[in-house]
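To keep things simple, chains are lettered A, B, C and D as they appear, and every chain counts its residues starting from 1.
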Amino acid sequence: MPTINAYVELSPEEKEAKKDYIDRHSPFITVAKSAKAGEKLAVNVRLGKNYSHPDDTDHYINEIKLFDRETLLATATLISGINGGQGNKGQAEVTFFIVPNKNLKLTALSYCTKHGLWQSDPAEVEVVA
Amino acid sequence: MPTINAYVELSPEEKEAKKDYIDRHSPFITVAKSAKAGEKLAVNVRLGKNYSHPDDTDHYINEIKLFDRETLLATATLISGINGGQGNKGQAEVTFFIVPNKNLKLTALSYCTKHGLWQSDPAEVEVVA
Amino acid sequence: MPTINAYVELSPEEKEAKKDYIDRHSPFITVAKSAKAGEKLAVNVRLGKNYSHPDDTDHYINEIKLFDRETLLATATLISGINGGQGNKGQAEVTFFIVPNKNLKLTALSYCTKHGLWQSDPAEVEVVA
Amino acid sequence: MPTINAYVELSPEEKEAKKDYIDRHSPFITVAKSAKAGEKLAVNVRLGKNYSHPDDTDHYINEIKLFDRETLLATATLISGINGGQGNKGQAEVTFFIVPNKNLKLTALSYCTKHGLWQSDPAEVEVVA
């Protein structure tokens, strides 16, 4: 199985290059902490908190998946060029809209064509009636 | 080739059922009329302007594609349940983020598992340096 | 809406370059003419009958979809490199397996990252009980 | 992160239901043990060695991905109904065609809409010039 990488906080002593590498590949979920059952909820996924990733034809963010626990909700498949193209750096990003019925435990899984699979930390949403 | 359907304005005399059918399947793009080259631009695609679509396992919006002219930028693949699931009606929606270099002529193409392919009107964005 | 291109037979007088361009982008379906209901059926889709397409990171076959009339059955999403990568030419190809219940009228729709959407001729399959 | 499940051989004493559950969800790769560099190679992925999986609208095999080590080569996205539809059981299957340049270590990752992600054993292919 391909490795699934994840964001880790590095100490101040650890190398800048490593921080950049990990940060720019990691998906970060932004979502409200609580939501109403049956109402639409925006779930933003962005790759890179403080750093940005190339959008070169041989090196780009190709896929962003959103799961609730074991259940796949949606996949965004991106084509190189969407984020400015060759020579540009940016943060791959998508906002999915979901209608929850129960508490959520969301994770995102993304794929870089050079550096493989990366998962986000889980984001929990309390869903009230 | 499968038919590609599209939104049409109906006269007041035309049937409500037909209006609902056409509206709820048609993708509508919401995007700024002008943007800066090299800066991130949100492009929202929503299915249904005034009406909403079921999210049943045998009848749901499965795919939303965004094109700039002939060029595919991104695809969102949805799984039934994302929009509340069986018995719920809603509006499938996604926001893509793109970084344009030149004027855009965006169209969206979506797929309903019962009623096939539907395209949006084009949305033009003037992109300035 | 993006143009949907299709294969056309050219006369002997028409330019070789145009023949190559059209042939290498067109999906061709290979499938049995008749099949048994409820039994698995292989449906091969290949791009290019006599010519082959580059697999460069900025120019490759990204997607092959299979429809039965208006109904999407499956999508193959390819990543540049699958067909030998930069400098190589080949024919993007996938075999889907489907279990039909009734007569089929299959079409394939493919996407080249430089030359857009291309559809196949329909392939009809008589499905007997 | 969603769990990634995998095939395990069960002892004769272990329950038939568990065997069926594990077998029908596990992707199995069938590919030649050696291949020529630059020549097309068929890679078949089938879910279920001895058992078959439902193709119900709320329970079906939605995705089959093929990786070479950390690198994604292709994704097949399936829609319920491709394998006979409601009430039918079968084995989701796809054949990808790839052109290798070096030794391969292939794995498949599949997704069941009820039972999540499943990976195959790796399949190694010696690629000779």
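By our rule, contacts are C-beta pairs under 8 Å (C-beta built on N, C-alpha and C of every residue); 3 or more make two chains touch, one makes a residue touch a chain.
Note that this is a predicted model, so its numbers are computed, not measured.
Shared contact partners of subunit C and subunit D comprise A, B. Chain centres computed from CA atoms place B at the largest separation from subunit D.
In terms of C-beta pairs in contact, the better-connected of the chain pairs B-C and A-C is B-C. Centroids of subunit A and subunit C (each the mean of its C-alpha atoms) stand 32 Å apart. Chain geometry summary: the mean Cα position of subunit B and that of subunit C are 25 Å apart. Each of the following residues of subunit B touches two or more other chains: 62, 71-72, 77, 79, 113. Residues 56-58, 62, 77, 79-80, 86, 113 of subunit A are the ones touching subunit C in the complex.
On the subunit C side of its complex with subunit D, the touching residues are 38, 40, 42, 55, 71-79, 81-85, 88, 90-99, 101.
Subunit A contributes residues 1-4, 6, 62-63, 67, 69-72, 107, 109, 111, 113, 115-117, 119, 122 to its touches with subunit D in the complex.
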